[in-house]
Amino acid sequence: MNDTAEIYDQGEYNFAYLDEQTKRMIRRAILKGIAIPGYQVPFASREMPMPYGWGTGGVQVTASILGRDDCLKMIDQGSDDTTNAVSLRGFFEKTAGIRTTYETSEATVIQTRHRIPEKTLTEDQILVFQVPIPEPLRFLEPRETETRKMHALEDYGLMHVKLYEDIAKNGHIATTYAYPVKVNDRYVMDPSPTPKFDNPKIDEMAALQLYGAGREKRIYAIPPYTRVKSLDFEDYPFEVQKFDKPCGLCGAEDVYLDEVILDDRGGRMFVCSDSDFCEERRAAGHAGPMAADPAALQIGGNTQGETA
Amino acid sequence: MPVRLYLNNVGKSFTMHLQGGSVIPVVDKVEFSVNAGECAVLGGPSGAGKSSILKMIYGNYRCDQGQILVTIGDEIINVAGAEPRRILKLREDTIGYVSQFLRTIPRVSAEDVVAEPLVAQGTSEEEAVEKARSLLTRLNVPERLWTLPPATFSGGEQQRVNIARGFIAHYPILLLDEPTASLDAANRAVVVRLVQEKKEQGVAMVGILHDQDVREEIADRIIDVTGFAAEVAA
Amino acid sequence: MSLFQADEPLLQVHNVTRYYGDRVGCADVSFDLWPGEVLAIVGESGSGKTTLLNCLSTRLAPTAGAIEYRMRDGSMRNLYQLSEAERRLLMRTDWGFVHQNAADGLRMNVSAGANVGERLMAVGDRHYGNIRSTADAWLGRVEIDSDRIDDDPRSFSGGMRQRLQIARNLVTRPRLVFMDEPTGGLDVSVQARLLDLLRRLVADLGLSVVIVTHDLAVARLLSHRIMVMRHGNVIEAGLTDQVLDDPREPYSQLLVSSILQV
C-alpha cells in the first residue's frame, strides 16, 4: 500500500478512488451488461479527476472491479508508456496501491484505449475498453429515443447504409476503426475506436470484455466466448487490414503496425503497435529488418528496467 | 334488340350556394330507354339540359332523384346510386364518352392517349397502339404528331385525337357529346362511319348533335328534352 | 387487369377522431380504400386533412375510432393494435410516406443510392451489388441520372429531391402510399413533371394512395375519389370528377370556384 492509499485509511480516499456505493452501482450495470451482451446499460457516471476523453468510463469500470490482488496493465494505442497510459496507471497506483505491469500475460485487468493485445487473452483476465461514443447508430440517427427503439426492435438497416456509403464512395468498406459488430446475433455494438484489425479477437474471446463510456454514461459488455460478427455485405465480406511488411524491430507478421517517422528526411519504419508484444519477441531473439538501425534502436529502446 | 339503358324519373337541379342558395332546376322526370344498336339523339335548345343528362348517365353529375339503369349481361346497375368504384368500373368497360374537349395529360403522346382505354380493358399495349394509329389515320391526324403530347396541337387536332380515344374501345353504351362540332366535312363523314360501325356492333348510343346533316344520318330517334323541363321554383 | 375488381378493401377507417385538447383535429371520419384506388383529401389549411393523414399512417394516435389494414397475408389488422415492430415493418415495406418537404423523408447526409437502398437493407438485403443495381433502376424510373447515384440529396434540386423520396418509398413495392402535399412548394413546370411521374407510377404499380392536397388540379389528375374536409369534418365525398364538376356543399362550391382558370 502506498502513501495515497494510506491517506484513505485516514479518511481521505476510498480504495481505487470511487466510493463503495458508486462501485456497487457500476457493478450492477456491468452485471446487467454481461447478462445482455452488447446492450448499452445506462449508469450514473461520476465526475472523475481527469477530463472527459481521457478514459473516465474505463477508469470507473476498472475502479469498480479492481481487487487488492489484481495486477493492472494500462495501454494507450497499444503502448504502455504514452501519456494516457502513464497517467491512468499512476492514478491507480496512487489510489489503489495495486501492482501494475507492462506484460500482457501477467495482468489480471487490462484497461485499454483502442487496442487489444496481440497475445491471446485468457479466462482469468478482464479487458476494459475506454469508449468515447458508444452508440454505433449515432452518426446516422441523432435522436437517442430513436436509436434506443432501433436497438429494441433490432432495426439495424441503418448500419448497412453506413457501410454502403463506404463502398459507394471508396470502392471498399473504408471504416478501419470502430467497425460495428453484432454481438450474440442480437445487439449491434461499437467496439470502441479499436482498429478493425482487432475485431476478430473480440469474437469468442476467452477474457471478459467491459466497455465504459464516461461522458455518454453507458456500460456494455461481452462475456467470455461470445460470438461477435463484424457487419458486412455478401459481396464485400469483412476483411482486416493487411500489412505488406513485418515489424521493423521484431519481424512479427500478422500484427497491427504503427508507422513511426524516424527523421526529417523521410525515414520511417513500421513497428508493432503492441509494445509489450514487440519487446517480448525481441527478448526472445527475433529481429526485424530494421532492428540494427541506430534510429530504430532509439525507438525500440530497452524498457525492461521500467517495468519493475 | 335488348334495352341497354333506361332512365326512370330522373331529376336534377343545381343549388348555387355562392349565389344565395338559389336553385336552378335542370330537368325533371326524365324517362327514356335506349336499345342495343340504337342511336338516340337528345333534341332541344341550348340550356334544355341535354348535356346534364349525358353527364348524369356517365356519373359525372349526380341525380337528385330517379334511376339510371344500365344492363350488363344479366346484371342491372343503377348509376345514380352506384359506389364510386362501381362507376369507375362502368367507365372502364361499359360506358364510353366522346366529348369535344380533350383533357390533356402532360408528357403522354397522342397515340398513347388514344390507346389508353383499350389498354385499360386488357388489350396489349402493342395491339392497342396499332389500333390507335389506324384510327388516327382515318381521322386524318398527321403521322408526325402521333408521338407528340397533344397539349400543343390545334383545337381541331385535339378534338380528333379525343374522338379516336372515344371510339377505340368497345363499350356497350357510348355517349356522344357534340363529336362533330366544328369538324370539316371529310372528318364529319369519318365520325358518321364510326358511329355506323358501333351500331353494327350493337352499341347503344345517346348523343347530342347540333349538326343537322349528321343528326339525320345517324339518329334512329330524337328525344325531345324540352318535355323534361323542370318547373322553375317559385 | 382492372383496378376496380378487388373484392376486399385494403384499408377500412371507422369513425376516426382526433382531438388536440378541446380542439377538434378531425372528427368521425369513416371510409374504405380499395386496392389500386387513389383518394385525395382536399381542404384548406387547418381543415384537418394532415391530422387525418397522420392518424391513418399511424404517425398520430387517434382519440377514438379504428383503422384496419389488410396485411400481405390477407388478414385484417387494427393498426393501433400492432406491435411497434410490426408497425415499423409495415411502414418500411408495405407502406410509403411522401412528405411535402423532401428533407423530412430523406437522409440528407447519405447518397441517393443509399437513400433508395435503405429499405432493402432494413429488410435484410445484404448484397451490395444487388442493392446498388436496384437503387439505380429506381433512380431511372424517377428520371434521375445514374451518375447522380453517389451524390447527396443536398446537391439535388427540389424536384429531384421529391423524385428521390418517391423512389426511396417505392423500392420495396409498397401497396399503400400516403402523400402529404407532394407537389407543394415546387415550380409549376417541376410540379407538372412530378405529377405525371406519380400518375404513371401509381397506375403501373397499382398503388393505393391517400394524398392530401389543397390543389384541386392535383386531385383531378391523380385521384379517383375525393373527400372534402372542413373544420375537421368530411363534408362531401365522391368520385373526383363528380365532386369537382357538381359540388354540392357550399364550401365545396367555394373551393371549386376558387380555382384560377388558365
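Labels for the chains are A, B and C, by order of writing; each one numbers its residues from 1.
Keep in mind that, in the parts below, a residue touches a chain if its C-beta (ideal position, glycine included) is under 8 Å from a C-beta of that chain, and two chains touch if they have at least 3 such contacts.
Each chain and its UniProt protein: A = Alpha-D-ribose 1-methylphosphonate 5-phosphate C-P lyase; C = Putative phosphonates utilization ATP-binding protein PhnK.
Values in this document were obtained by computation on a predicted structure and should not be read as measured data.
S.K.: Return the chain whose centre of C-alpha atoms lies at maximal distance from the corresponding centre of chain C.
M.R.: A
S.K.: If you average the Cα atoms of each chain, whose average lands nearest the overall Cα average?
M.R.: Per-chain C-alpha centroids ranked by distance to the global centroid put C first.
S.K.: Go ahead and note the Å separation of the Cα centroids belonging to chain A and chain C.
M.R.: So the centre of chain A lies 48 Å away from the centre of chain C.
S.K.: So what's the Cα centroid distance for chain B and chain C, whole Å?
M.R.: Going by mean C-alpha positions, chain B sits 32 Å from chain C.
S.K.: Using Cα averages as centroids, what's the distance between chain A and chain B in whole Å?
M.R.: 79
S.K.: Which residues of chain C touch chain B once you look at their complex with the stated criterion?
M.R.: My answer: residues 1-5, 34, 37, 192-193, 195-196, 199, 221, 224-225, 238-239, 241-242, 245-246, 248-250, 253-254, 257.
S.K.: Can you name the residues of chain A that touch chain C in the complex?
M.R.: 140, 149, 152-153, 155-158, 160-162, 164-165, 167-169, 232-236
S.K.: Along chain B, where are the residues that touch chain C in the complex?
M.R.: 14-18, 55, 59-62, 84-89, 92-93, 105-108, 120, 122
S.K.: How about chain C: which of its residues touch chain A in the complex?
M.R.: 84-85, 88, 92, 107, 109-111, 113-114, 117-119, 121-123, 126-129, 131-132, 149-150
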